[in-house]
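A short write-up of the structure that comes next.
Letters A, B, C and D mark the chains as written, and numbering starts fresh at 1 in each.
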Amino acid sequence: MNLRIGVIGTGAIGEDHIRRITNVITGARVVALSDLNVNRAKNLAKKYDVKFYVTGEEVIEAAEVDAVVIASWDPTHAQYVAASIKAGKFVLCEKPLATSKEDCKRIVEAELAGGKQLVQVGFMRRFDSGYRQLKACIESGEIGNPLMLHCVHRNPTPGPKHTTEMSIKNSVIHEIDVLRWLLGEDFKTAQVLLPKSSSLAENGLRDPQIVLLETQSGVRIDIESFVSCQYGYDVQCEVVGETGTIRLPDPAAVVMRSHGKLSYEIFSDWSDRFVEAYNIEFQQWVDGVKLGVVAGPTAWDGYAACITADACTEAREKGTIVPITMPQCSAFYGR
Amino acid sequence: MNLRIGVIGTGAIGEDHIRRITNVITGARVVALSDLNVNRAKNLAKKYDVKFYVTGEEVIEAAEVDAVVIASWDPTHAQYVAASIKAGKFVLCEKPLATSKEDCKRIVEAELAGGKQLVQVGFMRRFDSGYRQLKACIESGEIGNPLMLHCVHRNPTPGPKHTTEMSIKNSVIHEIDVLRWLLGEDFKTAQVLLPKSSSLAENGLRDPQIVLLETQSGVRIDIESFVSCQYGYDVQCEVVGETGTIRLPDPAAVVMRSHGKLSYEIFSDWSDRFVEAYNIEFQQWVDGVKLGVVAGPTAWDGYAACITADACTEAREKGTIVPITMPQCSAFYGR
Amino acid sequence: MNLRIGVIGTGAIGEDHIRRITNVITGARVVALSDLNVNRAKNLAKKYDVKFYVTGEEVIEAAEVDAVVIASWDPTHAQYVAASIKAGKFVLCEKPLATSKEDCKRIVEAELAGGKQLVQVGFMRRFDSGYRQLKACIESGEIGNPLMLHCVHRNPTPGPKHTTEMSIKNSVIHEIDVLRWLLGEDFKTAQVLLPKSSSLAENGLRDPQIVLLETQSGVRIDIESFVSCQYGYDVQCEVVGETGTIRLPDPAAVVMRSHGKLSYEIFSDWSDRFVEAYNIEFQQWVDGVKLGVVAGPTAWDGYAACITADACTEAREKGTIVPITMPQCSAFYGR
Amino acid sequence: MNLRIGVIGTGAIGEDHIRRITNVITGARVVALSDLNVNRAKNLAKKYDVKFYVTGEEVIEAAEVDAVVIASWDPTHAQYVAASIKAGKFVLCEKPLATSKEDCKRIVEAELAGGKQLVQVGFMRRFDSGYRQLKACIESGEIGNPLMLHCVHRNPTPGPKHTTEMSIKNSVIHEIDVLRWLLGEDFKTAQVLLPKSSSLAENGLRDPQIVLLETQSGVRIDIESFVSCQYGYDVQCEVVGETGTIRLPDPAAVVMRSHGKLSYEIFSDWSDRFVEAYNIEFQQWVDGVKLGVVAGPTAWDGYAACITADACTEAREKGTIVPITMPQCSAFYGR
């Protein structure tokens, strides 16, 4: 039986997820969609032979919808997640879970009150083969206890209307989640360094930034965020343990020797870099939902990421080291 | 609508394909199977809720079967492919298409007589991301016309009952096909060099061997075949063009620094190395069959590979340079 | 004509320099030496057919000595450098120039008073081929203005009696100098992060440490210092510019495929890693001295490094961000 | 005491060796030189304050000359080496030792008759750090017995007047010598494959060529020679043993990420690629001569390389597999 999915938000990412569910993932199909951009949504509905609804709530409540994917504008995530919980339907929400930690908290409380985990947050890096190898390697003990992580997250150019704040909230938040998962612990303090800005960073954007995190056990993390690095989309992660180090590999690419150089190509786009991670994320989500379980990052993970990102923002604004206080996690979330 | 597939042969590869069609590929499901090992086949039929048939021919003729996958013992391939053509059903046959060029020729003639391409041969490397990048790069002209290819195909240890002849017929045949496809031309001569055998090659096996091929336009290819290299499963391919070279990358793997070395892991198994290629091969085959077309290597490609492999075997046995005469290819196969 | 050199201090490094001057460098020879360990010094004097003196001052004043190399115990550097200046002789002093910035300042003032540059400090990394390539690349503009540097300095195990303070004063000081030279500017602030210590760091040593430096123009530098990393001696440096990044290469080493891994060896010792840099440093020093010029890091560079290292130490002890105030550099030192 | 060297032939390589002996090598100086191009030679004599002689023989016989370096036109090598033997002086002769195997044989016989090894041939690759690591690794047994070698020798463009024959006699001869040395055995057969020529190879040059060699124990070697590869000077060597493989590394070069690519530079010139090997070759030759021994490739090695290159040339011309018959080596040459 195919899982019948309703998709809320059919912008670039939403459309890509519809294509993915239709052409790549097995055991699921899209049956309903909605978007504020009605024309675009209706065209997609026609193309994929899917029912169009005017509101996200209608999608969530539709009888033919088994589970929901949210890929709408960030500020609307919280309301659609809440409605999905209320409807008792599994929901995969693109990050962020919500734009404020208060909203995250309300979602967590609603899910707890409902007594069943229904929410997964779209932190796809946990499904990337490289990060999975890193995690397996850490857990094998081959490099001893992790002591430091050196991370890099670069985009060639920022999206339109990108702000200094968004570098952390929309971009570094991926590292915040995946490093929590890699290390299995929460963060204790945050600090943000502001190097000289690139002359190619426009409109007053502070870029690059360096986020410094400390975990509760004392592991030290530095994350370079550079959204106008020009040369490509580049994600790096080195874990330094007591007896060795491991490093995320670049994607496999043909090695060329020509014009006096050995070279290989670097992706220019995050969606190419993580396309396999997205595919695995969706396949495992669909398989899990059919079994009645959430197999990926939970609402609590979304909440924890939001708290951490907020602390980073505060640290950047104040120029100080900011303590991160994480609320006690319910056993419900299995910690 | 799901494509309903019958699988003939449920050994290791056949079972893996059943799993693949069921859990990975979208738009298809297995509905029937058969195998000489009846117990094993019946257990799989139960596990995957699929109908068991005693003979491959019954699978092919079953009304509920839309298309056929052949993963049985090599000498049985020809008869099942012929039966599939006769039944007018699309068929994906694991390599080799047949164990003799006469059988290959009969298949090609039967398909031609039927007037419709139905057969695809399981040369999965054409679907590997690295080889696809190589082909795109050659066609872009970035390295000029190809002049030479240096290839390596190593296994840690040979399978049981592996013979000197099988190194070419079962292993190098992958290079034979994928290089024909990469270069878009057939071969003119074959020669085989026999280096000193490894002391770890058992039972009189001549291992390694070096196959030298010359294409019709004069491109020179050397292929090292080494089935008892001990250290891992390793496939390499360097294309040397007039102005540059390109090389198949190793699969992306975490880079470790420990114990005085930088290192990364090499796969030990071909099925891990090419798992993505198999997935893409099957998805594209399913998608193509639904559109009524064969989107991969054809019966003619299987025939051409068999002729070339036979010439290599003759070259090894005689110790001479053997000319390769390729029959005229019908326009039916689009050349 | 050979430059006649007196060597003060004949421990491991001193002896290596005597060997280097004798067997590797052209245009120079050792004619005199001294060491507190008289037996060892006398044996070396006999082996290399060189005159032994009881005190460093006697070496410096000896008529047959044209120039002096200081490789004695760190706290004695200042007095021998001062004596060399007084004697009007060129002197190559192993880092550090002195163990306090007050001593460094006195040396600078004495050299200024003498009116002639005579002192070179043994920061050999400036002569390493990799760092030279980095500098050439920065100056070419190929990666735009540098914005950030990510550096790593790891030793397998600390020397005997290594202290938390020495990680900066004796080890990170190499980065302090070479990054000043790479970027052509001084530092503005220092901060030190203390990750969870490795369980393999003995005797209360805080290891690893992360040194954060900010240059006067706002470039941000992070330097991981890890003196008990176990796996090897490893120096890394990545420069992130506005349009691209460059990275110090690992030394060229044979690439092996065996036992399921691709690997290459990492040096276990700094003297192997930088042997070529030392050779070039000495050859260029000898060539320069013959022309009457100091062609490497000056007394002022030694002073600046000391001031910066002291600020880092203060930052570590206080746990705060410490401003670095650099005195005005005289035109005498060409800034 | 400095070894006093006379240099015959002051073209590009000869001048480079004068510079090397003067500025890089310790324990030697040039005292005499000659060249057919008298003006050029006189200018160099003035620049380096060295005595000019009209003929090479005069240089060899000059009382002030302790040892001779020959870097003249290939066809003159034999006469100058013979004269050096006659004069009882050590001589380092650029490859080839002579342009015919008959001349090589006469040199070997003259040296034998003289009863003392005096001749070293300028096969500098034996002194390259990468090849030395390969040899050490083979001898350590880490990869088991060598079975195959895959080699590449590429130049961006051929020198003026380069001929098809010279690709082997002047270029592949480096592989012939260094592989004999790596493996410690002679060759049994030669074959040459002629791929389609590059359209960029001018004046009827057959380029690339592939040389196939078989050692007496059955190791198989393929050497790609491509003198108009356009992109750079590139030397590769992979040794495949029974349990693993080793590969010559590319020279260490800064790794850049820019413009959508990761890249590093490849040398464009052999003299840059092997500059360190030349330096070590000369230093060890000087050190050896002072001790009265030849520490590098001997006249016999030059003879063996010439015999092998001649067999390759015959194999190319006839298009057949040519047996290589090596004369019995005298114990004088330590085999």
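To be clear about the criterion, a residue touches a chain if its C-beta (ideal position, glycine included) is under 8 Å from a C-beta of that chain, and two chains touch if they have at least 3 such contacts.
Chain identities (UniProt): A, B, C, D = Inositol 2-dehydrogenase/D-chiro-inositol 3-dehydrogenase.
Nothing here was measured: the structure is a model prediction, and the numbers come from that model.
Participant: Centre to centre, using CA atoms, which chain is the farthest one from chain A?
Facilitator: Result for the farthest chain: D.
Participant: More C-beta pairs touching across which pair, A-D or C-D?
Facilitator: Contact tally favours C-D.
Participant: Just the number, please: Cα centre separation of chain A and chain C in whole Å.
Facilitator: Those two chain centres are 44 Å apart.
Participant: So how far apart, in whole Å, are chain A and chain D when each is placed at the average of its C-alpha atoms?
Facilitator: Whole-Å distance between the two chain centres: 58.
Participant: I'd like the Å distance between the centres of chain C and chain D, where a centre is the mean of that chain's Cα atoms.
Facilitator: Between these chains, centre-to-centre, one finds 38 Å.
Participant: So which stretches of chain B touch two or more other chains?
Facilitator: 230-231, 243-245, 250, 257-259, 264 - these are the residues of chain B that touch more than one other chain.
Participant: Can you list the chain A residues touching chain D in their complex?
Facilitator: Where chain A meets chain D, its residues are 230-232, 234, 250, 257-266, 268.
Participant: Can you list the chain A residues touching chain C in their complex?
Facilitator: Interface residues on chain A, with respect to chain C: 144-145, 147-148, 150, 152, 193-200, 208, 210, 212, 214, 217-220, 222, 224, 226, 229-231, 240, 242-245.
Participant: Can you list the chain C residues touching chain D in their complex?
Facilitator: Result: residues 22-27, 129-130, 133-134, 137, 142-143, 243-259, 264, 283 of chain C touch chain D.
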